[in-house]
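Some structures to go through are shown next.
In the two complexes that follow, chain A is the common piece, with chain B as its partner first and chain C second.
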Partner chain A sequence: MAKIISVHSFRGGTGKSNVTANLAVIIAKLGHRVAIVDTDIQSPGVHVLFQLDPKRARYTLNDYLWGLARIEQAAYDVTETVIADPDGSSARLFVVPSSVDSGAIGRILNEGYDVGLLNDGFQELIRDLRLDYLFIDTHPGVNEETLLSIAVSDVLLLVMRPDNQDFQGTAVTAELARRLNVKEMLMIVNKVPGGMDRQALREKVTQLYEAEVAGVLPFNEEIVNVASSAIFSNRYSEHPFTRGLLAIADRLKA
Partner chain B sequence: MSHQTSGNELDALLNKMKSAVSPVRGILRELHEKFLPTLDGKVADYIPELAKADPRWFGISIVTRHGQFVEVGDFRQMFTIQSISKPFVFGLALEDHGRDDVMRRVGVEPTGEAFNAIVLDESSNRPFNPMVNSGAIATADLIKGRDFPERVSRMIAMFGRYCGRQVHLDNTVFMSERLTGHRNRAIGHLMLNFGMVGERIEDSLELYFQQCSIQVNCHDLAVMGATLANGGVNPITGERAIEARYVKDLLSVMLTCGMYDYAGEWAYRVGIPAKSGVGGGIVAVLPGVAGIGIFSPALDPKGNSVRGLKVCEELSTRFGLHAFESTPGAESLLAELQPSSR
Partner chain C sequence: MPVRNLLCGMPDFVRGSIGAESAVHRCQQCRTLGGRSRLVTFAAPSDFQASAAAPFGKWVFPVTHDDSRSAFPPAISLRLLHATQGHALQTWYFEQQSLVRIGRLDSGDVVITDPRVSRLHAELRFENGAWQLASHGRHGVFQHDKLLIRPTTTLSHGAVFQLGPGGPQLEFLEVDDSGGLEAETACSTIEFDCVDLSALGFDKREAAEQVQQIAGDDNFRQLLERAASLRKKRQPPLGER
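For the complex of A and B:
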């Protein structure tokens, strides 16, 4: 049985896509078959981290939702881009991008689509690519894709920054997730400033959302150097941020 | 917006998401995929408008009495309700006149004759049941109203309550039906001859042609079925569409007479109250559980949707949905629709 992991944050800018991409790479490197679906149709982004040019990608998630392609046709194997020596390993990483064409984004927002198809697509992807893990990168805030992704997931990762707006917004998502009977909800606090008491923060978040905190990740300046165009944990393998992600990956495999 | 309203809207949205990921969706997709290549049967062509239907169209929808729904395929494609209107108009006639009066005008006896047979019960001159054309015309004649427009608007409003939206006629189909409805006119006049219908039979025939021309999709059919499954209250809107005490009247004639001259075998093999129409629709009711709507316009020689029959038969077998199943399975279907049990 594949594990479906949705990664969500109530507001933008939490580093959600970055966390998703790094976790997927870390888990794939352990020899697993992993895919990431970018359901952030309004503002796609995860493809950038894998140097995947969705303008050159023949099919995207949008084409699948319009019935123009099977979802596997929109899945791109990025294993060689992010894993140094994949030969002889069973590691595989696929990315299903959303279209960055403004017309395509406009059309899907305007016409909508049968949200059930998204779930059908996840199931087909798991079956046809023989996945061990499926990561779903969602749009910030609450919309249909997000709610569906939460409803279908085995684990929901809620990424937030340590500020009041995130604290309040995340409470909304946590409540919706409980009402959708999500199996497991884990919190990740990201971009935590150096001077902040991380243990106190962990306790506060645990208590506030009555959920396990899977990681408290430091704000890091080095990530700016990577500039959203590479996998951070690949380049800075000993960085505290990377070590935090490794611990979360361990928790996800449990 | 009141808190109550926004709460209900949020519930509806969360229900939609739960339905979209429920195991029943997987089962409906599997059935859709399995029977999609079935190209047996023929689209109704007694009027040119119906012949325009694409035989590849195929949709399945299930709506529970809690208002959750799961649907696959061409579930938004509109088509005319045709004979599926009959049990619902029968229900309105019961509300207008009560059981005894209605029974004096139309029986509840299954007939082995085709739906358009010009046959009345010889001893009573009544049509055999409200599901054959003669019986449906007799029930349409019973619909009350100050004048003809009011009778029509009461009938249309009733379908609106079942569907949970304003319904409209397909005018082209309506015009074709009334221009070519010689056989139905003959049935009407035969009943007039026996005094089973009154002088307003011409109006009643118009009403009948109109009720058959109402546009629905297979989601609507499932909501209509779910309304009957829910004791007469539309589970999406919360509005009552028919008095609770008459729901069983509709369901029992659907079970025994709903599938044209296949009704006996249907009750035996499938055992679910259902009604089909030559537009390609079938509505089926799992009392206390859900309504099922299926649309696929290719018909068998008896006038039932070929794929529709197959889907119902397989659902009935797989879940044990037959009314007289020793271990009823309808509840297990409902459980599969509730991901809270995950």
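For the complex of A and C:
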């Protein structure tokens, strides 16, 4: 059965898009069919990591939500961009970007969108692209659309940084996710500074949220080297950030 | 457990790039004390940490005692002793190095400018688990005023040998780099600002109130129903395709 994995955080800038993109690539490379949907319509971002230019894309998620296209028409195959030698492998990676056009963003913000339709879109993608994994990159914060995306997921990855504002907000989000009966919730602590004991932090988060911690990822200085235009784990395969992501990917496959 | 650097008393670190086989061994502290930077080979310990505070965007991690013990000879130091008063005029410190060359040549590891010292006067080699001294100089090496005649002599901690008759005396010391270091962690070094985790947390009451505000009304109840109906639309298991 295809797994729907939503990646969310209470506050912005926790690293959702980077985590999503890297996990998707890591899992696809193992020979799976994977797609990412950027549901962060207000501030889309994940397309950048795949060097996709939504301005040049014929259709985006917005077009699907307005009934102008089928969702597969907004799904771009980025396998060749991020996976070397995909030939002969069953690996496939698709990205459904959101529009970066301010008019298109404004329209969605004003009119909202039909979460039922979005959910139908997920199911169509799973069926028509024969997906094994569907990643949903979300907008930060608590809003109805995002809560519903979380609710239809098999796994919620809740990303947080080790600071008190994130700790507080994540406590609320985690509790709401539980009330929404999310099947599985895994915590990821990202941008952990070098002086912090990662094992102790893992134990602390496990205990505070009574949830499984799938990864504690170090603050990554090399990430600026790849800017936002490449998949970090491809370039730095032995980096602790990458190794942390590999462990999370392993856990997701379980 | 970090290795203590004798020159400065600080635990030692290797700074390098991930995946690199060697890195410049450079302790900031002892560099300022005149210590030499050397190239060493290392294998990254499995639990090394990235340091946000480390300059140059590189990685800094402690060389663990066990790692260096298994892969490299134990650290030693050589002290050039004052001829009459016996105190150290100069100290050389070697770790992770199995050959130490002593002589007048600039390219040696221990350089002593003295007419009684040959260009390459003696060599210290770590072999079969012990440090061996071999004499190469014309003037020979003396211990307790006796000329060493065997090709090599095993040195033990505190051994003193003399380069040439009446020449400079060196004291050989095996460095016990484990003493008193058990309690130290990477956090206690100059490279890291240890972050106190106890300050991290959240206010449980405040969180509960916020949850109640969001989840307590009719909207949320509708949201739950909506979620339940959306879930029913899930695609059949892929295993069936």
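Everything that follows uses one rule, which is that the second predicted complex is superposed on the first by the 254 of 254 C-alpha atoms of A that agree within 3 Å, B and C clash if a C-alpha of one lies under 4 Å from a C-alpha of the other, contacts with A are read in each partner's own complex, and residues count from 1 in each chain.
We adopt the following convention: a residue touches a chain if its C-beta (ideal position, glycine included) is under 8 Å from a C-beta of that chain, and two chains touch if they have at least 3 such contacts.
What you see is a predicted model; the values in this text were computed from it and never measured.
Novice: When the two structures are laid over each other on chain A, do chain B and chain C clash or fit?
Specialist: clash
Novice: Touch check for A:Arg179: first (chain B), second (chain C), both, or neither?
Specialist: A:Arg179 contacts both chain B and chain C.
Novice: In the overlay, answer first, second, both or neither for which of chain B and chain C A:Arg58 touches.
Specialist: After superposition on chain A, A:Arg58 lies in contact with neither partner.
Novice: Going by the contact rule set out at the top, does A:Ala151 touch chain B (first), chain C (second), both, or neither?
Specialist: Touch status of A:Ala151: both partners.
Novice: Given the touch rule stated above, what does A:Arg198 touch, chain B (first), chain C (second), both, or neither?
Specialist: Second partner only, chain C.
Novice: Look at A:Asn119 in the shared chain and tell me whether it touches chain B only, chain C only, both, or neither; answer first, second, both or neither.
Specialist: A:Asn119: touches chain B and chain C.
Novice: What is the contact status of A:Pro162 with respect to chain B (first) and chain C (second): first, second, both, or neither?
Specialist: After superposing on A, A:Pro162 lies in contact with chain C but is clear of chain B.
Novice: Is chain A touched at more residues by chain B or by chain C?
Specialist: Per-residue touch count on chain A favours C.
Novice: Which residues form the common part of the chain A surface touched by chain B and by chain C?
Specialist: Touching chain B and chain C on chain A: residues 115-116, 119-120, 123, 144, 147-148, 151-152, 176, 179-181.
Novice: Which residues of chain A touch chain B once you look at their complex with the stated criterion?
Specialist: Chain A residues touching chain B: 115-116, 118-120, 123, 144, 147-148, 150-152, 176, 179-181, 183.
Novice: For the complex, which residues does chain A have touching chain C?
Specialist: Residues 1-2, 115-116, 119-120, 123, 126-127, 130-132, 142, 144, 147-148, 151-152, 162-164, 167-168, 170-172, 175-176, 179-181, 193-198, 200-201, 204, 208, 218-222, 225, 236, 238-241.
Novice: Can you tell me which positions in chain C touch chain A when the two form their complex?
Specialist: 18-19, 48-54, 57, 60, 187, 192-195, 197, 199-204, 206-208, 210-211, 214-215, 219-220, 223-224, 226-227, 230-231, 233-239, 241
Novice: So in the complex, the part of chain B that touches chain A is made up of which residues?
Specialist: My answer: residues 13-14, 16-21, 25-26, 29, 70-72, 339-340, 342.
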